[in-house]
Amino acid sequence: MPKLDRFRSTLIGVASLATFVIIWQVVTMVANSPFLPTPVQVFEAFIKISTIGDIDGYTLWWHIGFSLYRVLLGFAVAIVTAVPLGILMGVKPVVKSVASPVTEIVRFIPPIAWIPLSIILFSGINRYIFLLWIGIFFPILLDTIAGVKRTSETQVNMAKTFGADNKAIIKKIIFPSALPEIMNGLRVGLGVGWMCIVAAEMMGGEPVGLGRLILKYANLLQIDVVVLGMVVIGLVGLAMNYLILSVERRLFKWRVEIKA
Amino acid sequence: SGFFNKSSAIEIRMGCLDNDLHQLALHVAIANDYFEQNGINIKLLSYDSGPRLMQSFVAGDLDFAYVGAPPAINGRAAALSGTNSNVPVIVASVNLEGSSLVTRSGISSISDLNNTIIGTPGTGTIQDILLSNFIRNNSLTVTKSPASISTLPILLSNGEIDGFIAWEPVPSVAVNRSAAQVLLTSHDLMPNHQCCVLVASSKIIAADPDTVTKIVQIHKNATDYINSNAASAKVIAADYTALSQPVIDIAFSHVEYNYTLNVDSIKTFLLQMIQLGTVTSINASQVDSFIDAFIDTSYG
Amino acid sequence: MPPLIIAKGLSKSFFAGKETISVIDNLDLSIDEGRFACIVGPSGCGKTTLLKILCGLEKPTAGSMLIHGQPPDPKKQRFGVIFQEDSLLPWLNLLNNVKLGLELCHIDNAEEIAIKYIDLVGLEGFEKYFPHQISGGMKKRVAIARALAVDPEIILMDEPFADLDAQTRSMMQKELLSIWSKLNKTIAFITHNVDEAVFIGQSVYVLTKRPTKVKATVSIDIDHPRSRLSPPFISYREKILGMLQEEITSL
Amino acid sequence: MPKLDRFRSTLIGVASLATFVIIWQVVTMVANSPFLPTPVQVFEAFIKISTIGDIDGYTLWWHIGFSLYRVLLGFAVAIVTAVPLGILMGVKPVVKSVASPVTEIVRFIPPIAWIPLSIILFSGINRYIFLLWIGIFFPILLDTIAGVKRTSETQVNMAKTFGADNKAIIKKIIFPSALPEIMNGLRVGLGVGWMCIVAAEMMGGEPVGLGRLILKYANLLQIDVVVLGMVVIGLVGLAMNYLILSVERRLFKWRVEIKA
Amino acid sequence: MPPLIIAKGLSKSFFAGKETISVIDNLDLSIDEGRFACIVGPSGCGKTTLLKILCGLEKPTAGSMLIHGQPPDPKKQRFGVIFQEDSLLPWLNLLNNVKLGLELCHIDNAEEIAIKYIDLVGLEGFEKYFPHQISGGMKKRVAIARALAVDPEIILMDEPFADLDAQTRSMMQKELLSIWSKLNKTIAFITHNVDEAVFIGQSVYVLTKRPTKVKATVSIDIDHPRSRLSPPFISYREKILGMLQEEITSL
């Protein structure tokens, strides 16, 4: 039974995407603007960039590879920094008082604005990691804090009566209890991270990456490749999201789904 | 001998702008293997704008760069205000002119520009300075609208601006794709003004002047090649910009590939920039000494 | 030997919005080591609050609660606490819920012991079920298994059998009595069921209505196993019910 | 007592910020890089931009006003679209199947990549709204869905036994139950929105806005004003965040804070 | 007149991981309109599941449950359901929790009625308290007030008095009986307490262990108010306890 449901929902999903593409084709054909590519034009751009390569000779796969590598590193650093800090801030009011004035200012600052400073402060891949981290870190942090706040007092009390110290309470009660929000934070953070890829790769230097591809062709006003870059980022994001969701499905089979 | 060549090759880091038609000489040199022939390995780092290139340059990421004169000026002005050994020095010109003012149909004379909105690629760019001078000299009422370079043709085709001034090939793209026309080229606005320059970092100049000489020589050879083999240069241009031949033809007629600097125009820009407030670390009386130290054409 | 648990002048109040609500007021109480103490009192009088103070979860506003002469601290004494409300972790199956307590107490062989106690409360076969897949009474029994499995020195139970049917309840009462008599535990057992209190307790502490203090301590001097129909049993029951009646009518 | 606590935590916060500024001053004085302005230099830039104005003559207050206006509009549109859609997606598996393939692709696409399309598709203020909406919408959507999933089945069942229809269940149970996550989504979304302000104002046209201020001075390599822009965005964000938090405090006084 | 509630061949099973657990198996049952029916059965046998089917929250896997000849639907019949677990909304104070039920049923004067029922369950003065500020028994009483306040046609109670002390419990029993007799409600009352079942119910349905069906229906033919010490009372009680004993020992 659940198998059939999964199948049906995939079917609906594919149909929904197909509808989206058809609407896009019709709208762009009607609009007929030199700057609004049709899906067919984007597909042609895909063939070109993935086989022949872009103006610098890099194929799409290089662009995907480099951006993926950068995002994954930024994501990894963001997870190992945001989750522990979020838990501490949720649990220790003092940590929150100390950290939140800084985090609550920094989290609004656009990644592009960080470009000059990150060029000075970091070099090589660290620049990319920093700029992507800036985007990914805060959603994870805030969602983790929100998850910690959802923890049931009774469950913490229960652990305390077994003599659990803070470490054990965090590990056995608070962390698993906040996990749904943390996973949600990862998904949001991943989205914001990919959103920052153009900003990060705007820094320049290496001519490869999906953000660079978009920038290069935006400057040439070849919007078909820009849209190709957007679609590819969307699809890579979708795939990563799918991975996180399948981890979630394993972790959260204990949850009761509500329906209304 | 391949092994020997490789290990003895000098590695330099060269900055340039993405698909910039002005910087054709660099791409000609690469396509024609000039660097290899001189025992130089270049690591090409490209940027989507001059300011970001200069930022990276001053941070020590680059030895040489092809870049517009104003970002180079800003970069030097900034670099001199701290302890820094990566100060840019202009060693050659890359091109002169190379910008155009395109307008929508219906604006076919200078007087038609009155009460129009004209896009620029940002306050303090060459194009912004050229346009400001032009507006002042002709007593026109024009609203300047700064935008990012890639949006200017779209804004024009939407009818939100009446024209824009930008570097090639963007004006040519607009002409090619929508019903825009070239009203003025930068030749009309300020004949032979300096556009892109080749800069070397003070660090490599101190450490390895021979390489600087080689690079300048390569640049000159490549520039000569463009001017004597326009047809094959256009093929190279089409290859790295992904632009169509008609666009490249229009653009070519607006760019002057010349390695001799127009020092006066650089001074003019600097003065304008000081007036505009975009350069604040020096004043008008320091312009000459600033420029003297900035330009060193003794290499190559 | 002094009593294991001593409360002296114990008071507790809470802030609720703008007002202060006094829940425990100058309560004195002592429980000897190895004693089976039952606590009864009107709904909302402060029994759960007292239990939370007993295991260190709440601090008294005034007065003192001492165990072995020290403030209660689950890191020093081993408690087995059964909460009135559902305290299972919804993300762990029954087996892991019971194992959790053992792991928190750093006890080896957690799996083996957990299975033993799950069997004891009659839930063999449900080890892999998650809390949302079992009934209210089954949840309570898991909590009981979890608390008893750690072999606690002091057992604190807040209406542990309230959700159980008469038969399961009496089976559990017998299990508890046998654990207590074999292993010499000290037990504080909160219940609504006066019958139950008289059936298992050595002393029954009758609490007044809120703000609560000890109204009377009744020693039940009948040997175990007790018969519910014996005259002393009935008379103890009537006596305690009568005391509670006074409290509830004056409510 | 809670009053004193609030006071203490504010004190700690101010001390923490002050420490941050002092460290910043020391580090930048030692580094002495033209691209690492000291707090004092940033303050001087503040005086200049807020009184004399920037190179185009606009003072800081204009920049703040315009950006704030754009972000607020984008925020408002994002709230009224994301919260209802999120609740529907959380409650109706069909809606989720239809919408999520599209949302789960679009949410990864960087705002900067949308610039060409948004110029073609929208005009005037709508462009800004669209680009900011792209940033704000998805965190709110995902957090809303996560909140809906947290709803207790028993509470929904309770409402059903009173004959509540779906509308009433959503209004009386699911929405208030998901509110903590929704509010968190608003906070995350607001952060991402401000993060997108540079991208949005990169579109150009109007020369005013904090994003444009940053871009202008980044192009001129005058990093002191760039950092001023960053700090101002951070402070405006902090103020907006504070407003949301005080609404939260009112709404959620029923929540038990856990401590470990 | 046909019975108000008729279950025929009712079966219910759940999927738990890979296995299927059969909870109700071919159960038949009928309750006349205006009847006070008590349901007793071993812990985990399927009582709560039966109650959920009764109010339409769960659908039978096989067989049928009909009320007025139709599948149960709270949009058509008005139910007052008291759940075994805590079902208060933590973000509403007591008053608003009770008002919520009234509002969901589109009943006017919600505030006035809510206050009346809060008084009825003995919680006057706590209207502004939030659920986390009151005791377990108080929470249960709020849920009772909320269910009764809507003047339901059918009252379904899942161990409503389990968390109450003897006195409060007997007070509530009397209130319930008076509401029932005055207003002619149909009540299905799940309890563990056989004493309670015999004290208030007209019929007591004894369920078997899981998968459950009705083992016996016992009509308690004693007029209200009943005395717990009367011989017929004791004999009913012993009879039902005996039947349950069979179920539990065979568990």
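For reference, chains read A, B, C, D and E in written order, and residue numbers begin at 1 within each chain.
Just so it is clear, contacts are C-beta pairs under 8 Å (C-beta built on N, C-alpha and C of every residue); 3 or more make two chains touch, one makes a residue touch a chain.
Only a predicted model underlies this, so the values are computations on that prediction, with no experimental measurement involved.
Contacts with subunit B and subunit D are shared by A.
Shared contact partners of subunit A and subunit D, listed by label: B.
Inter-chain spacing, taken between the CA centroids of subunit A and subunit C, is 49 Å. If each chain is reduced to the centroid of its CA atoms, subunit A and subunit B end up 36 Å from each other. In this assembly, the C-alpha centroid of subunit B lies 84 Å from the C-alpha centroid of subunit E.
Across the assembly, subunit D contributes 33, 35, 115-116, 120, 153, 202, 215, 218, 221, 223, 255-256 as residues in contact with two or more other chains.
Residues of subunit B found to touch two or more other chains are 52, 55, 59, 150, 154. Contact of a single residue of subunit C with at least two other chains is seen at positions 85-86, 132. The complete set of chain-chain contacts reads A-B, A-C, A-D, B-D, C-E, D-E. On subunit B, the positions that touch subunit A within their shared complex are 18-19, 44-48, 52-53, 55-56, 59, 61, 149-150, 153-154, 157, 170, 173, 177-178, 239-243. Within the complex formed with subunit C, the residues of subunit E that make contact are 14, 16-17, 40-44, 47-48, 84-86, 122, 128-129, 133-138, 141, 158-159, 162-169, 171, 192-194, 241, 244-245, 247-248, 251. Residues of subunit A touching subunit D in their complex: 5, 8-9, 12-14, 16-17, 20, 31, 33, 35-36, 91-94, 96-102, 104-117, 119-121, 135, 138-139, 142-143, 146, 148-153, 156, 166, 169-170, 174, 180-181, 184, 187-188, 190-192, 194-199, 202, 211, 214-215, 218, 221, 223, 226-227, 229-231, 233-238, 241, 255-260. Those residues of subunit E lying in contact with subunit D across their complex are 52, 55-57, 74-76, 78-81, 83, 85-87, 89-93, 100-101, 103-105, 130-132, 150, 156. Interface residues of subunit D facing subunit E in the complex, by the touch rule stated above, are 154-155, 157-165, 168, 172-173, 176-177, 179, 251-252, 254-256.
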